[in-house]
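Below you'll find the structures, each written out as structure tokens.
The same subunit A turns up in both complexes below, where it pairs with subunit B and then with subunit C.
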Partner chain A sequence: MHFQTQQLPVIRATRYLLVHAPDLVRYGSKPSREIERNAAQLDLINSHLRSYEEALAYAPNQVYVGGLYPDDLKSVAVPWFGHALENPARHGEFGEIMPEDEFYGVLRIGDSFDMVWLEENFTAEIRTRLAAHPLLTAEDLKKLGDGKSLGQLNEQIKKGAAIPLYLNKHRLVGCFLHGHDEDPALSATRLLENLACKVIAALSLRNLNVASGIPAQAVDFILGCGEEAIGDRYNPGGGNLAKAAGEMAGCVAASGVDIKDFCCAPVQALTMAGGLVASGLHSNIAVVAGCSLAKLGMKYEGHVRKDMPILEDVLAGFASMVGVNDGQSPVIRLDAIGRHNIGAGSSQQSIMEKLVTEPLTKIGWKLCDVDKYATELHNPEVTEPSGSGNVPKTNYRMIAAMAAIRGEISRPDLDVFADTHGMPGFSPTQGHIASAIPFLAHAQKKMASGEMSSAMFLAKGSLFLGRVTQMSDGVSFVLEKNRA
Partner chain B sequence: MILSGKKVIALGERDGVQSEAIAECVRSAGAEVVHQATKCFV
Partner chain C sequence: MVVILGTPNADSSEIYAVTCSSGDPTWAGPLAGVALGLPVYHILESEVKQQIDPVLYEQQIGLSEMALDAASIIGAMLRARATPPAAK
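Coming up: the complex of A and B.
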């Protein structure tokens, strides 16, 4: 495959957003089901929630927004939640960690259907702080409105027309209205998930527009690859969050579409964006993903059992700009795309051959030639207490085993390979978000400084969860330092 | 372990060994797979 230099797709920049949302944990899928079974679970959950300051000083969260490099976690004492960083910054190099009260305001700003009602005093409190936010405008602040009285909120909640929004566990600051009386696809809980996904993708995109030097008006296409599939009872997953996020970010010249492939979606979207840029169809493609509100508190029972704080208290999003070769930004190697094709089989060896060894062989590389592999980057401190293991470590050992099978390393060097070419998991368990892409901005920074030449991003999607096939999916690409 | 003639429930994990691979192995050893499922724990 040969492309003209100017058609090589590059990743211009990637930006992230974390939102600390402890009072939305109750609306996560697992917590809400347990609370419905036993209302006392809510008190248990509330007693294990973290403060914003604790979430801010949590080392893995700082890695996510660029305050630390993933390998820096090796020198942070464990448990990480018990060793708060000193003087953590809200704004990291790659994004910010937003507090919950401001996020409620952003939800209201992004609400096109008057579904988010915020209490009037609370609205006044957050208005000043939102006015100081570098990504929000005066036009945004107008959308906050004046707020509602507590009586109005309570009336909607009491008659079952809305679900409550709390702050600091017990203070009622708003409510979210159902979109339809009978449609589960338009219930308040579902719409809250969808709107949260939209606004987090949109804010990430606004940040990306600044970071990439490509203004919103210059974006010509948006690929949405977040968890949520919006729609109504007749077509529950038929919607388009990409375009909705683009609207909120001011990308007036862009159209967009959503990509669905479970946790593969972000890596799929990035490879597709690369192909669309290489073909000349589009020039500046924003690949965006919002959060998974349903996964808040997903493993809370394990955390509570071990008397840990509930670590799944953050919502995460990202946005990445794929564009034409600027001679500086790292290149997506379209000649080294790994695909887990339908006939490949489901053994880990088959999957890793398809995602790792086959694409590298195509360009004449060995596994050791890739500086870093970004795979499922879930924070093990979140997953291990509930018995879900250390997912990144499992994947890195499998890649190392492939290198050993090919004779590139000896068996005793498996752990050294995994340690050198891998990294500790640091991503919140926000579904698609954790699949490889949290390392994108780190890789770009290292390539710009000359400390890294290449990285492979690989992701696997659990297609079997949808009960229409037993298959999984997988995709990978190589990102290489720009050699122009 | 002799699997021939045994009934097997194959539970796999996406990032470990998936159920299809388990099922294929035990079938080749003469077992009957009565249920298979792969789970994703993240």
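Coming up: the complex of A and C.
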């Protein structure tokens, strides 16, 4: 397929959000199951939680919000959690790291069904701080309401109608009510996951509207690619978080839909958005994803065993604006989309060939022609203690091995290739979020400054986890400096 | 029954190998203290490789064989197979 340069869609901007949520770790899938089995696990978890200041000064978190470039991590001493950055900023170039108390307020603001009850004194405390937030409005603050008394919160929790929301481990500051007495798809824990996903996507989108110069009213379509599948017991995954996030962001002219594909949904959504823009169907498409609350504390046992802080204490989201070629923003090369077709086979080798060598061959590029590869960017400090290895490093060595097989590099140069064309993992292990997209804004910045010409974004999805197929999936695209 | 691992590094290979043979060394999962006594090998070990069609092996595993640190993984597997069962 041949595209004229002016037909190629561009990525106007990308923005991120991290929320430090230590007191929600107990509601992560793994911790909640272990606490149910043994209540003493909660004390163990609480004794290994980080403060907001520690999470803010954690170098990989700063890379996520644009305070550092990924390769800067090579000069930060390990363990990174033991080497706090000096004077870390809450607001990085690409997004912010929000503290938990303010996030509870944002949850309440994004709640359309009066499910989030916050204690009255706590509500007064956060109102002033939320009023100073650049992305929140006076209309938002009205939705905070006056709050409830501690007695009202305790009454709901005691009768099993709500789950408690804590701050600093023990202070009860709110509760989250069940959405239905009998429907597990509308339990408080599921709705907490879904609402957290919505508000994080919505705040990322608000930030994106400012950064991209495309106001909320000018967005005509939204693709949601977060991991949460909302719905009720008759259609548990049938909902639409894209429009929910768009509503909260004020995108009144937009419609939208959710894309599901395990960890490769964001890269799928970006390529689809590119196709929809190139076809002329839409002009400004926001691709958004909220967090995966279920993954909080997923590997906490490994961290506790090594007496490390529980590093999976952040919720992450992103938003990216795909639009028509403006002559400046980097282009999505629609003629070099890598896709893992059904008949391709699920070995790592097959997947990587489909995602890397095939699309590059189509446009006559060698593997060495891509400046940087963004693949699964999981922070190794999170994954290694539980035996999951250094995921990005393994991926980069696989790509390097393919370059060696094709005769582009010699075998002893595998590590040099991996180091030059790869990067240290820095992303929170928030499933879909970790798959390539944390590098998008970094790549855009480097292309704008002329320090980078191209980057490939590739993602893989573990379809077999859903137990209806043994297959995997994968998709990739090349982002290139705008040569118009 | 033989367990074949495809784990990407020495640490993960050792943990999973010991889990299947002597019991979960991390004491985190259901096999903590449970010695199944199963023989465990890694797909990169010669004992396994020599039993697979070389063409198929190259097609499916060749890239991983080049990318992964086979020597350290095999060393971990040898250590794991020498690990005595965990005390119950």
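As a working rule, the second predicted complex is superposed on the first by the 479 of 484 C-alpha atoms of A that agree within 3 Å, B and C clash if a C-alpha of one lies under 4 Å from a C-alpha of the other, contacts with A are read in each partner's own complex, and residues count from 1 in each chain.
Definition applied: contacts are C-beta pairs under 8 Å (C-beta built on N, C-alpha and C of every residue); 3 or more make two chains touch, one makes a residue touch a chain.
As the structure is a computational prediction, the values presented were derived from the model and not from experiment.
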| item | value |
| --- | --- |
| First (subunit B), second (subunit C), both or neither touched by A:T137 | neither |
| First, second, both or neither for A:S388, with subunit B first and subunit C second | both |
| Touching partner for A:A400 - first (subunit B), second (subunit C), both, neither | second |
| First (subunit B), second (subunit C), both or neither touched by A:N121 | neither |
| A:Q217 touches, of subunit B and subunit C: first, second, both or neither? | neither |
| Which of subunit B and subunit C A:T429 touches, first, second, both or neither | first |
| Contacts of A:F464 with subunit B and subunit C, given as first, second, both or neither | first |
| Subunit B versus subunit C as contact partner of A:Q348, first or second or both or neither | both |
| Residues of subunit A that lie at the interface with subunit B and also at the interface with subunit C | 345, 347-348, 386-389, 394 |
| Subunit A to subunit C touching residues, read off their complex | 301-302, 305, 345, 347-350, 352, 384, 386-390, 394, 397-398, 400-402, 404-405, 411, 414 |
| In the complex, subunit C residues that touch subunit A | 7-9, 11-12, 15-16, 26, 28, 59-64, 66-68 |
| Residues of subunit B that touch subunit A when the two form their complex | 14-21, 36-38, 40-42 |
| Residue ranges of subunit A touching subunit B (in the complex, touch as defined) | 263, 345-348, 376, 378, 383, 386-389, 391, 394-395, 429, 431, 434, 460, 462, 464-465, 470-472 |
